[in-house]
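Okay, structure first, notes after.
Order of writing sets the labels: A, B, C and D. Residues in every chain begin at 1.
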Amino acid sequence: MISRLLRNRTIVQTISRTSTIRCLSTFEKHRTVFESLGLDKTNNKGVFDGEWKGSGDIVPSYNPVNNEIIAEVITGTPDDLNTAFEKLPAPKRGHVMLTMRNALVENLQPLGKLVSLEMGKILPEGIGEVQEYIDILEYALGLSRTMQGAIIPSERPGHAMLETWNPLGTVVAVYGWNCAIALITGNGTIWKPAPTTSLVSIAITRIIAKALKDHDMPTSLCALVTGGTDVGQSMVQDKRAHVLSFTGSTEVGRQVGKVVQGRFGKSILELGGNNAIIVTDDCDLDLAARAILFAAVGTAGQRCTTTRRLIVQETVYDTLVERLKKAYKQVKVGDPLDEGVLCGPLHTKQAVESYKKALEQVKAEGGEIITGGRVIEDGPLKNGNFVEPTMTRVRPDMNVVQHEAFTLDEAIAINNNVAQGLSSSIFTSNPSTIFKWIGPSGSDCGIINVNIPTNGAEIGGAFGGEKETGGGRESGSDSWKQYCRRGTCTINYSGALPLAQGINFG
Amino acid sequence: MISRLLRNRTIVQTISRTSTIRCLSTFEKHRTVFESLGLDKTNNKGVFDGEWKGSGDIVPSYNPVNNEIIAEVITGTPDDLNTAFEKLPAPKRGHVMLTMRNALVENLQPLGKLVSLEMGKILPEGIGEVQEYIDILEYALGLSRTMQGAIIPSERPGHAMLETWNPLGTVVAVYGWNCAIALITGNGTIWKPAPTTSLVSIAITRIIAKALKDHDMPTSLCALVTGGTDVGQSMVQDKRAHVLSFTGSTEVGRQVGKVVQGRFGKSILELGGNNAIIVTDDCDLDLAARAILFAAVGTAGQRCTTTRRLIVQETVYDTLVERLKKAYKQVKVGDPLDEGVLCGPLHTKQAVESYKKALEQVKAEGGEIITGGRVIEDGPLKNGNFVEPTMTRVRPDMNVVQHEAFTLDEAIAINNNVAQGLSSSIFTSNPSTIFKWIGPSGSDCGIINVNIPTNGAEIGGAFGGEKETGGGRESGSDSWKQYCRRGTCTINYSGALPLAQGINFG
Amino acid sequence: MISRLLRNRTIVQTISRTSTIRCLSTFEKHRTVFESLGLDKTNNKGVFDGEWKGSGDIVPSYNPVNNEIIAEVITGTPDDLNTAFEKLPAPKRGHVMLTMRNALVENLQPLGKLVSLEMGKILPEGIGEVQEYIDILEYALGLSRTMQGAIIPSERPGHAMLETWNPLGTVVAVYGWNCAIALITGNGTIWKPAPTTSLVSIAITRIIAKALKDHDMPTSLCALVTGGTDVGQSMVQDKRAHVLSFTGSTEVGRQVGKVVQGRFGKSILELGGNNAIIVTDDCDLDLAARAILFAAVGTAGQRCTTTRRLIVQETVYDTLVERLKKAYKQVKVGDPLDEGVLCGPLHTKQAVESYKKALEQVKAEGGEIITGGRVIEDGPLKNGNFVEPTMTRVRPDMNVVQHEAFTLDEAIAINNNVAQGLSSSIFTSNPSTIFKWIGPSGSDCGIINVNIPTNGAEIGGAFGGEKETGGGRESGSDSWKQYCRRGTCTINYSGALPLAQGINFG
Amino acid sequence: MISRLLRNRTIVQTISRTSTIRCLSTFEKHRTVFESLGLDKTNNKGVFDGEWKGSGDIVPSYNPVNNEIIAEVITGTPDDLNTAFEKLPAPKRGHVMLTMRNALVENLQPLGKLVSLEMGKILPEGIGEVQEYIDILEYALGLSRTMQGAIIPSERPGHAMLETWNPLGTVVAVYGWNCAIALITGNGTIWKPAPTTSLVSIAITRIIAKALKDHDMPTSLCALVTGGTDVGQSMVQDKRAHVLSFTGSTEVGRQVGKVVQGRFGKSILELGGNNAIIVTDDCDLDLAARAILFAAVGTAGQRCTTTRRLIVQETVYDTLVERLKKAYKQVKVGDPLDEGVLCGPLHTKQAVESYKKALEQVKAEGGEIITGGRVIEDGPLKNGNFVEPTMTRVRPDMNVVQHEAFTLDEAIAINNNVAQGLSSSIFTSNPSTIFKWIGPSGSDCGIINVNIPTNGAEIGGAFGGEKETGGGRESGSDSWKQYCRRGTCTINYSGALPLAQGINFG
């Protein structure tokens, strides 16, 4: 009846069930990982709103190394959650974050392994992913006492002007960054994971829920709904999703953004990057080469901050390319859990198709494949989504490429002349170049690096991109404000009623 | 050819001209005002992009006191502007703001009078409007040295993490707040005024342009395009309008927001308010009554922060309503430039029609007109857009109204239970009520007042509203950040390449 | 040879040893506490600079319950420490803080008990003391990513202006607040504890040192020197103590401040408070009475924020005093580790003497003892430093007391009219009173409370007092800046040399 | 009787009068300057506390060009001032600043000329000095709406924690920086100028006082007391001088600091600098040479930020020194108001004596005079305090100088290895050098420049130095906080009384 009730969150369950064929050899091989995380072969309920549910589709999770099913998840859609978190003072919420952090630390190894299994990342990256969640929870603990409102000087005697930041209600969160910041600012969260990472999301939600319980907080504060596009779409439209964080393609993000804007909700969009590295002739080429290798090949080139473009000064082009060719050939491709493997499979079969098409287009436009370029279709990796680390030179009729040399302004223009604006790097030893690069006439990306690759952002800085990357900032700096409504409060304690701007009325 | 060129701004002129009948007695009566501001009877060019143009429609500006034409404006659409402002250091931009401010101070009286003429506001309000622009320019001068970026601790040795705020390019600005903040952050602006206030916009642009010239800055930094809906729509769609500020109805704002979001631009929406005052039984009733009168009747109830709803505790209802009835009857309605007049005309004839419909609806639903309720259709005011100051009681079957008393939680729920979220006030002498009201379970508006009415915001605080009011903040606090792109810059000056999250790659 | 070497810290040991008579029944009774913390009966080395030393005086630590020796400490003075902490990035230092925190959590019970034993606090307060250290370490973890420098707009094109905060070197710290903030800002610390709390300081240093070791940091970063006045004085004079935090009497603090100022060091002084509570006639008297009891009697009135003065509106005086008299009489005095005891002994025998003198003075000046007023010299507590909880009325010839009523301004004047300025409270339900109290004409203390007693500060807010309380702020808000040197850095990357203020020189 | 009264300021006048011989040819020559500023030949009252007074010594002001008397000032000491400024809201105080600014702009030329006359600066520098005051008033206007307090998350439900910044009372200010910041934070000021610049202080106080009057503020808010050491000392000791800003020698500053600390006042010390420029071999030598010339010879080397030491890499030493020698010889020395003169006289005869002694010491220690080195004792300048611009090489047995080359660490060590810590510069094109220089192992000065000289600070950055330079920051960044007392306010509006740290008491 009253507006506060609008904050209830209803989960309508879908009922259709599909049966799937089960070939769970991965499960058997890594049984201890699954057991330590409380995951089952076939009976993993994928909806959590305080208790575990799931009467929706049964969706298998695949191992991209061999495309075998790891385990199955019973999916669903949101129903009946309520929030009490905002009444807990922020420093107390910080303590909940600390408990969550400690629980993740205890489960770091199995969780990291599960990430590797389900996403195809090499183990250090799988563990790194969980570690990042741990870091952000520590960061949220810190915010719990330092997220300040303001007292602003009022022009009226006997008036206090305060700026407050209060929770919005419910955040549809991408874990773990959104989750931690949403919770510390007093919101509840719903996690709608990618359908391909359901097992990780269930395992983490179990751990998080226990931490909430330890603090006598409703576990529904961190709800989970696994599921497909339909689940996602209903959340996008739902007025009760005060903040909706979305990570995905520009095209879907554009639609999501418009729908959320149309209902005056807030969206945090983390869309595609088309990230470039500029290599100048005054840089440390060795440093640049190692950085490029790491940024282009790491996570099989699937990070949002992966380097996709190189803009290289002509005078250093040959040297750099030779070095990279040699390095690319040494990169061991294989099962990400195997020792020495640096490059795992692509995440899905679709990604392999996209890879093929992109290469065909390069050729069609007269470009050149410098190294790699092949889908691995034979040998022990033939059942997985493996491709060779690949570098191409774009078509030679492009103006810029014909230049013997380009100016800094031209290089920056090429960097900026794409629709996306996530990450960008320059390698240089010139202070003037550095400060131009980070200034008003420099990179127009959200992440602007110098002498480090496009990836590897720290949690303390605001993370996100400009232009078609969506403009959202998930975490870092003052991005916690995005999870709040801002109140400009003026309190007249004078007993008198002076009016602004000198108007004398009545 | 390169992305920077995308920032050029093209104004395509429309050519159709309509002739209008001229009855410019207002012009003759206030000839000195117009002459001091350089305005003509019929030949006011309404496009400025460094020079004055206008080959579009000729649009008259009406005096709402008698619906006579004041003067005519030749309208148009945007063409060929370029920005150099971002290269001027912010403190230097501050000096441009100071020159603008001084020029407005010199023209305060005629400008104030022109606002009164064109908008129908009483003179103190007309002058107050210009004074507000002067204030915001001073505020922008202050920002010129205090808009700080940040140095954030990096977790990597030999790395510096900086957060920079650089201009976006072009801001479609509502004057004067947007203009001042957009300029001080290094952007250029285009002003598309409401078609009903063309003369004010031309007069101010003249003054502003001279200030830019005095500093050898391109005057096109503050472009003006008067015109109708088509001009507005082309700006909304134009990718080069990096920030688009819109003030208007929720329905138009919803469309504007979606289009701008669809092209990943930034919008600052200032849409309708449905502002309430809660009157508790522990408040100073005299203070409350004066505040309500000012907030409901001032500017003929046409401010975005005008009070539209009263939520009154039953025990003080009769006393308060009696006082207000008496006060309403004393309010002198008339020509806003006449001595003693407190309430001028509505701004347009359409507003008079809306007034009528609203009253009919109240009656249809069983509500009651407490005072006022009549369009003034005879006497000397009959040609203007005048109506009586009016107060109604909504239909008595509403649950809440039947209550003998309501709790604070209920009153807050009523306040929040509308689609809009601009401004809100409570009158109380209870600290517990005050802090609840400004806290997470309090008002969900952007402006949250105590013992002052819903209007009268100061420029230092963030101004704007939540929910269907649009979420934008034009000015105050850190809202200057909305006019900027944020860069998270990491500079590796170590010569080494440590990688985040402990990944050891290659 | 170069300035950086000045940061070495030399500890010159004193050699005189005194033997003491040992009657360590307390030790035997609480043997498990001591064993779990690694403390010995007689052989506790009291100097730590990376390894444990101590060739100075043997100083016993007494149990104020019975003035028996708890255990003995071999004291000393500083020698040869070096710092490497500043080279560790702040977020990494945060992880050291987290490890320290976890170690204290594990030892919370025995540490809390040891605090109770050595200081005479009741157990919840002993544990609360350690908990506060734990809290501040979490807070420091948070700071590790949020202590921001600034990028300030420069008025010169091609120039960047940065504000940096770098560590000063060595902080003579009062644990735990100073220690945590000093470490997180990159400094090393030396702890010179009060001679009466040597055992706690040794036990904590053990735990802290282990945490440093776990992170491969030099354990000498947290040095300890137990000892007497001579040790303290040499630190005050030592140029290498870049920041010196001192908690103690105004008179000693005045000397400390002057010496440190004379060598242009920084001091953080936390001197005496003469804290008052104002009780107005519009407050919740029950709340006020409970708060006063807690604030005046808790920790046997020995906190720096203990309430020492009551300023009570005449109309509520009798009611309040009756309530307090009744409550005071119910307070159980005794061994702080016994169940139900709310008031333990004074910390030292000297404190008992001061108590006696203060009461004599009250009587001499015509004042009145309302309740309490007796040293407990018989019964089972006779060997301890026990006194009755006591309340007096100051001499009735004081002007203010004669008034039947006072105004708010007068009450504030009485509050402010003492030399000290630590903490102050008002009990009221009037918003106007609240905002006056916290405004420019209100309390001139560093801590300004409303409807809570003078004690109970949170770590997020700046803690410390004005006037003769010394002006220092140990922790909270931006007080971390006190542990840093501020650098205003201007980087010209333009290649040109414009000069400020338009001077054209050569 | 009550503490607020302590803020009154009493001026006890001294009565002794000395007569002086008058040879006021400078006055006649620049009569228009004096008349436009309202200054007289002999009858300039030097005390202002709302009205102009002065029964103390008559002190002449000398022209350092010829040591003739410019005009005479009747000096005195403080009496009976009261403050009402704190009750004016900060934004209103901002408007007073704006009026002061405008009045100074109107008087820029004559004031600049008077500065030149009285201080011996060349005219652009004289005008620059006044311009700086104008700038700081604009800056203070900006602060008037942006000096924020904070709302800090409280760990207790139903509690609000606010951090407030309220004025301290009276600031003994060095104009204009201190004055503007002291006023905008709500304090009153007393100006005790150097005895050698009395005329400037009287002229400015006249202008400032008029601005206060225009706003109906008590003009005594900006009191003036010209006078000698006795006047200064009484202020240092006076408890009512809540903040005392002192600019002068380290030795006097040390005493001042100790006395103010002893009474728990606040001092802002701006003591001597021993500023160095490091010239690396990778820098732009031309830029460096021009910067050094400007920084060493400008204002005849008398700015606090004047470069006093050069630390030059051996490989570029000869080239740099040759360039500087040539440049030094071209610097025209003479009457600072004459066209083309770049170097005026020293400020006083004592300064000439110090110059001589310093050169003798260089020679005695085996150093070498590279260029200059002579007091000008013949020709038309013989009566003034003129010396040649001078460069020396310090004694060649210094270890560092013998090195063929030094490392960056060594150069930084030399920079830091002096007692003072005001300003410092490095000339380099290496980013790694830049970030080391501004980091924890870099310059330990308050001002840390790159590729600009040691002087030329901007008002937006904090200005002041570390170590024996005193640690004060007059203006810029958050140094306004030094003029305030900080209040940590906790407001319990819950009606309940939870206690921090979980203590359950009674």
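The working rule: contacts are C-beta pairs under 8 Å (C-beta built on N, C-alpha and C of every residue); 3 or more make two chains touch, one makes a residue touch a chain.
According to UniProt, the chain labels map to these proteins: A, B, C, D = aldehyde dehydrogenase (NAD(+)).
This structure is a prediction, so every number in the text was calculated from the model and none was measured.
Novice: So which chain is the furthest away from chain B, centre to centre on CA atoms?
Specialist: The chain lying farthest from chain B is C.
Novice: Name whichever of B-D, A-C or A-D reuses the B-C interface, so over half of the contact pairs are the same residue numbers.
Specialist: A-D
Novice: Between chain A and chain D, what distance separates the C-alpha centroids? Give it in angstrom.
Specialist: Chain A and chain D have C-alpha centres separated by 50 Å.
Novice: Take the average of all CA coordinates in chain B, do the same for chain D, and state the distance between these two points in whole angstrom.
Specialist: Going by mean C-alpha positions, chain B sits 43 Å from chain D.
Novice: At what distance in angstrom does the C-alpha mean of chain D lie from that of chain C?
Specialist: The separation of the two C-alpha centroids amounts to 36 Å.
Novice: Residues of chain D touching 2+ other chains?
Specialist: Counting only residues that touch two or more other chains, chain D contributes 87, 91, 144-146, 150, 152-156, 159, 162-164, 431-432, 434, 450, 458, 460, 491, 493, 495.
Novice: So that we know how the chains sit together, what is the shape of their touch graph: line, ring, star, complete or other?
Specialist: Looks like everything touches everything, fully connected.
Novice: For the complex, which residues does chain C have touching chain B?
Specialist: Chain C reaches chain B through residues 87-92, 144-157, 159, 162-164, 429-432, 434, 450.
Novice: So in the complex, the part of chain D that touches chain C is made up of which residues?
Specialist: 1-4, 86-87, 124-125, 128, 131-132, 135, 150, 152-156, 159, 161-164, 166-167, 186, 254, 257-258, 261-262, 264, 266, 284, 287, 290-291, 293-294, 298, 327, 330-331, 342, 399, 410, 413-414, 416-417, 421, 434, 438-452, 456-458, 460-463, 466-468, 470-471, 473, 476-478, 485-493, 495-497, 499-506
Novice: Touching residues of chain D toward chain B in the complex: what are they?
Specialist: Residue list for chain D touching chain B: 91, 94, 98, 138-139, 141-146, 158, 160, 431-432, 434-436, 458-460, 491, 493-495.
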